[in-house]
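Per-chain residue numbering starts at 1, and chain names A, B and C are given in the order in which the chains are listed.
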Amino acid sequence: MRTFDVVRFSFRSATGFRTRTLLILLAMAIGVGAVIMLTALGEGARLYVTREFTSLGTHLLIVLPGRSETTGGPPPLLGETPRDLTLDDALSLKHSSAIRRVAPIAIGSAPVSWQQRSREVTIMGSTAELFDIRQLSMAQGRFLPAGKPTLQTAVCVLGYKVKNELFGNASPLGKWLRIGGRRFRVIGVLTPKGQSLGTDMGDIAIIPVASAQALFNTSSLFRVIIQASGRDSVARAKKAVLDTIRDRHEGEDDVTVITQDALLSTFDRIFTALTLTVAGIAAISLAVAGILIMNVMMISVSQRTTEIGLMKAIGASGGQVLRLFLSESAVLSAIGALLGVMLALIGTWTSLRLYPDFPVTIPWWSLIAAIGVGMLTGLIFGVLPARRAAGLEPVEALSRR
Amino acid sequence: MIELQGISRKFQVGNEAVHALRSVSLGVKPGGYLAVMGPSGSGKSTLLNIIGLLDRPDQGVYLLDEQNTTDLNDRQQAAVRRHKIGFVFQFFHLVPRLTAAENVELPLILAGFDADERKQRVQNALSALGIADRSRHRPDQLSGGQRQRVAIARATIMRPGIILADEPTGNLDRASGREVIDILENLNKQGMTLIMVTHDPELGRRASRRIQMIDGRIQSDKAQTHEDI
Amino acid sequence: MGFKELLKLSLGAVFSYRMRSFLTALGITVGITAVVLLTSLGEGVHRFVLAEFTQFGTNLIGIAPGKSTTAGISGAIISNIRPMTLDDAEALKRIPAVIASVPVVQGNAPVKFGGRSRRTYIFGVGPEAPSVWQFKVAKGRFLPEDDPRSPRALAVLGSKVQDELFGSRTPLGQRVRIGGERYRVVGVMESKGQMLGFDLDDAVYIPATRALSLFNRESLMEIDLLYAAGASGEEVAKKARNLLISRHGSEDFTITTQEQMLEVLGSVLNILTLAVGAVGGISLLVGGVGILTIMIIAVNERTGEIGLLRAIGAGRRQILAMFIGEAVVLASVGGMAGLAIGTGGAWLLGVAVPALPTHTPWSYVVLAELLAAVIGLAAGVLPAVRAANLDPIEALRAE
């Protein structure tokens, strides 16, 4: 018996009982669709975070003051150290060939006012190099000028929200506004870039780092962002940072260096694990669909007993009957799985329509895995009924009416 | 060439053993026309099932074309049924989901013929039996006589050497029954061995050989003589 | 036809098709098991996290400098222009319902003793910290009530720091070096273990004023208030806000009550539990489709039986009730088995993997069983209506 004929015959039997076939397909489609849709969501979340990370710039390292000795503990994102991470520390890092750019960051918040309007805004002190490192872009004017970072200059760059709040539609370029007690001239406005990992780049004012330190009356930095000269030099850059700081801090290792890659791969692992878990939970429904297939096939075998007897009388061997029934379950689950894929495609398409920013993507492995698991379920749960059919005694099967 | 030697078949029903066949020996030559008669429960169907390899005897030897069939496994038996034997049942046993043509096509599918050849053969068979115009009808859209013709077309589509018919007219009216018998006898004239179970003495008399079964034994085995008519 | 007879008929049908009924119920069983197990896990995690947070006490209010921004950067790292001072902390203590107030400066510095050195978290706090955070002193005592402006150079060690620096020797009375200064150890805290990956024992407590100068800061990072158990957190927060506004001239700080935090945390965790349960519920949906399928097949198969019942005087409603009853029985039995396996599994999981907190709330259990019955009901309606609407003559002919 040819494979094509086996499949065709099973297909005919499946379409012979329309309602039940449709319901089985529905069950299978729900299961497969759910698995694919959930992995697509997980993958979307992963891509979203990855995109956020890379939009921060590439080959980045972040230097934080302080260090935690507990292995596996979180880095000291908060808190202070007796010895500050200073602007000079940051600038000394530039000497390493593994490091391309260095942006020292001082952060604080202060009221920003122009004429009668005032607003509490996050003030970031940095240098011209921040522009390239964070891959910022300007809507108007220009970014902080490249100059000696230790020099205080009374210029500032505004995030677009701050600009809108204070100036409305008027151009702020060249205007003098007040930050804390000091006056700054606006030289540029950032394009809306949206929230990127905690810092809302719209609700911010950027001033030269030395001015910020003077404004907040501190000599310490919040952190230093470093761009390595290439992908391969990230590790070298990290070592250079640790060595340089240790030299400058009298042999103390009192900074923590986080590489973007390490962060990224950590997030990657977490998201992949989460996606797999959720998909696995959803896959339980495939087992339920499998049980349904088994149940209906069992019923089918008992309803079609005489048919099976007849098939044997006209020369079907037990093996052929087994194959017929197995392939019927397989055909059912395969079509169900395909419907599930369709459901998932419709789901992702709709989601992309509604939330274009969230990149819901069906990973190819989930397609293959979901369809594969779906069909496998059909086959596995089809074995029992098929064996029952194959084992029927032809005489008895025929005599039952 | 069918040769049964000392075939016994008993069924266990609870504590009681029912002896459906008791040491039956029988030989049928190719091209023969054998009528099996006897009261209900005498073992006619059991005998036919064993000849058709649907059932296995508990004792005895069954040689089909000099081959000992009791040694064959399930696969081999299925192949023998497929190629050498055609069944016609009292209750037709057509697959209700399939059309007449598809029912006739089944044995060809099982034997692995390709689609073109299958179509050709099915068409020929249906035409030969005068039901070509019904080929796309499902069994429930056919009359009893038409159903039995479809069943005969299915039984003969593989051109088997033997046709086993278990009360083929039992569910038909007189006229349809006649037509079916004519078809079967025609096939017999073309050289197929025909073994037919029947309760109808008139039909039995048409066979060239007639056996009478009682309580699992062959009571009489007569070649047709002129006087009986 | 009374309820008892109905149940008998339904059960009879269920039992006469044993294999089929078993498989149908099994679908629901798997679904309910998944839901119960997953929500038990979710609820367990929920409780675990809440317990972690409330181990510091529940009548807490935290005040941080700087108005919190949408960006979510806490005021602690923003060097605000108006510092939050020890005087603020002292003033807050005068609010009637406030029992204790702890100024907090947190940082990271090496602590040295003899040849050993360890980088650890330094908490600059007031003497009331143990009562506010519900920490216990294991040896010696906590920081004493010195003049907050010029406290003595005393330190209390976390248990891990003690182990690392002193081993089995007693640290009491010894002098450790933190930053440039020498501190006399007056106590060791009891071990508190980890909280969400953060080692609470890897810390050293010193007076807040000394921490400010160690880290060269003007402003505290936080002030934690403990208020009387009966008082309303909101009320206390309001008084603290007014007091600080009058001291600072504007609202340049952020007040968070523990109640708020727990509420937010609780609702986040609830949503999580719900989401996980819903993903498990997909199986239940599929199980429902299973019941629907089997019931439709059953109606088809038993057409003759239905015709007969109608012929001997059964009404449409009774046929309807019979088939719906059968579906509900199937679903409920399956649900019950799922509950048993789910709760048992959750319990086993909790025993086998103690790190994995599980808890099966009884309200969920009842809800899950009800859900199963409702699924049976919903899945039973369509086939039952079909059965009830069969024309008795047609139905009898089908036999």
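What we mean here is this: a contact is a pair of C-beta atoms (placed from the backbone, for glycine too) under 8 Å apart; a residue touches a chain by one contact, two chains touch by 3 or more.
Source: prediction; values computed, not measured.
Greatest Cα centroid separation from subunit A: this falls to B. The innermost chain, defined by the distance from its C-alpha mean to the mean of all protein C-alpha atoms, is A.
Summarising the inter-chain contacts, the pair of chains with the most C-beta pairs in contact is A-C. Remark: subunit A and subunit C have CA centroids separated by 25 Å (rounded to whole angstrom).
Centre-to-centre, using mean CA coordinates, subunit A is 69 Å away from subunit B. Note: centroid distance subunit B to subunit C, computed from Cα atoms, is 74 Å.
Residue positions of subunit C touching 2 or more other chains: none.
Counting only residues that touch two or more partner chains, subunit A has none. Put simply, subunit A touches subunit B in their complex at residues 1-2, 5, 9, 12-13, 16, 306-307, 309-320, 393-395, 398, 401. The touching residues of subunit C, counted against subunit A in their complex, run 19-20, 23-24, 26-27, 30-31, 34, 38, 66-67, 69-81, 105-110, 118-121, 160, 178-180, 197-199, 202, 214-218, 221, 276, 279-280, 282-283, 285-287, 289-290, 292-294, 296-297, 301.
Against subunit C, in their complex, subunit A makes its touches with residues 19-20, 23-24, 26-27, 30-31, 34, 38, 65-70, 72-74, 76, 78-82, 84, 107-110, 120, 122, 180, 195, 198-200, 203, 216-218, 220, 222, 252-254, 278, 281-282, 284-285, 287-289, 291-292, 294-296, 298-299, 303. Residues of subunit B touching subunit A in their complex: 49, 52, 54-55, 74-75, 77-83, 85-87, 89, 91, 93, 95, 97-98, 102, 106-107, 109-112, 114, 154-155, 158.
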